[in-house]
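The same chain A turns up in both complexes below, where it pairs with chain B and then with chain C.
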Partner chain A sequence: MLAIDLLSWFCLISGGLLGTIGAIGMHRFPDFYTRQHAAGVTDVLSAFLILLGLGLQAGLTLAAFKLLLIFMFLYFTSPGASHAVANAAMHAGLKPMADKQD
Partner chain B sequence: MRIFSYSILLFLFWLLLSGHFEPLLLGLGLASVALTIFLVHRMEVVDHESYPLHLSKQLPKFIVYLFKEILLSNIDVVKRVLSPRRPSISPKLFEVPLPQKSILGQVIYANSITLTPGTVSIQLTENKILVHALSKEAADALADGSMAKQIPDKVVKS
Partner chain C sequence: MFIAVCLAILVTMSLALARALMGPTVYDRIAAANVFGTKTVLLIAVFAFLSGRMDLLDIALVYALINFISMVAVLRFVKYGEFHSSPDDDKVK
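This part shows the complex of A and B:
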């Protein structure tokens, strides 16, 4: 049981850390499009790790299945939402910051 | 065949959501599954796009591949976020070709690009995707087309 608890805590803590790092990135990156990449970190992997950590606490129960369902919904909808937001920004005429080196 | 496996899937889904095994409730569940199947059959919404059974052979390998990509690109983006002084980014806007033949394959490709942090698909046209990448490295990794080869893609005659 200790091993599962440790693994679960590892997942929860790293998921929480990733979410925080995504938030930091949103403040550090310069424009809308680059900020979206930082938000992408919280989108999938952070949510996945937190849900996995909770699932390990729940064990093989119906609650774990529902956590899996939450992950599946996030997994299928979040890229669609990101794409819609980026597409709307492009349509509205927001130009991405150009790289100075190129 | 598709409807049959779909009804089994629906019933399993109902069981796992309810967690009840009394005969009355099982019967009610079966009845609701039957009604749903009748409705979706009449509406013709269960087709090769909403329920892509034909991709199930390629799917496990693709999921493992995509998860590995998500993990690696997450680590890359986290490093760039936390790099001291200035975030080490070189944003780039570019187009990648769409080699997939089926519309479903193209959508899976665009979604996979967005799911891996560091690249976001912005616009889909006939045979190209407009992609914004956080760094030159992420852009180059996508442009060499290794991900495009992994996408499950099969044309179904309907």
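This part shows the complex of A and C:
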């Protein structure tokens, strides 16, 4: 029982830290497309860790199933959303920084 | 323990909001709003466990759905400039 609590506590804290690191990354990266990577980190992996930590806390109940549904939805739509933003930005002519140097 | 995660998520949300306010291009703002929305989903989920009321998870799920739809709607609005005109009428762009 203690092992599950420890594991879920570790998942929760690492998810929170990862989210913060990703958010800091969104400020430090120079260009929109690099910031999109940082946003992706906070969106998918820290969500997965936090929801996994909560699921471990909930055990095999309806709440854990709802958490799984939330994660499955986020897992499929977050990449789609960031792809849509990057695609719209590219179509609007927002050049990535790499293009400017050469 | 949950409070620590709540604080971490709030810090992430404030940083994403700061990026949305400072973001030079409109697409930075949209991406930051997307991160903000996803973090709200997580905040509601963690708060559900903090307060012990498990029916909050449904709200988190609905929020995740609406967040994605609003992302696509804002992108479409930014791309076409408005919603009311149907794409097939010939309008001098």
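In the analysis below, the second predicted complex is superposed on the first by the 98 of 102 C-alpha atoms of A that agree within 3 Å, B and C clash if a C-alpha of one lies under 4 Å from a C-alpha of the other, contacts with A are read in each partner's own complex, and residues count from 1 in each chain.
Following the convention adopted for this analysis, a contact is a pair of C-beta atoms (placed from the backbone, for glycine too) under 8 Å apart; a residue touches a chain by one contact, two chains touch by 3 or more.
Computed from a predicted structure; not experimentally measured.
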item: Chain A residues touched by each partner, larger count belonging to chain B or chain C; value: C
item: Touching partner for A:L62 - first (chain B), second (chain C), both, neither; value: both
item: First (chain B), second (chain C), both or neither touched by A:T34; value: first
item: Which of chain B and chain C A:S78 touches, first, second, both or neither; value: both
item: Which superposed partner A:I70 touches (first chain B, second chain C, both, neither); value: second
item: First, second, both or neither for A:G19, with chain B first and chain C second; value: second
item: Touching partner for A:M97 - first (chain B), second (chain C), both, neither; value: first
item: Shared chain A contacts, counted only where both chain B and chain C touch the same residue; value: 22, 24, 36, 43, 62, 66, 78, 80, 82, 86
item: Chain C to chain A touching residues, read off their complex; value: 1-2, 4-5, 7-9, 11-13, 15-16, 18-19, 25, 27-28, 30-32, 34-35, 38-39, 41-42, 45-46, 48-49, 54, 57-58, 60-61, 64-65, 68, 71-72, 75, 78-79
item: Footprint of chain B on chain A - complex, ascending; value: 18, 21-22, 24-25, 28-31, 33-34, 36-38, 40-41, 43-45, 62, 65-66, 75, 78-80, 82-83, 86-87, 90, 96-99, 101-102
item: Of all residues in chain B, those that touch chain A in their complex; value: 16-17, 19, 70-71, 74, 77-78, 80-82, 87, 89-93, 110-112, 114-123, 130, 132, 134, 136
item: Contact set on chain A toward chain C in their complex; value: 9, 12-13, 15-17, 19-20, 22-24, 26-27, 32, 35-36, 39, 42-43, 46-47, 50-51, 53-54, 57-58, 61-63, 66-67, 69-70, 73-74, 77-78, 80-82, 84-86, 88-89, 91-92, 94
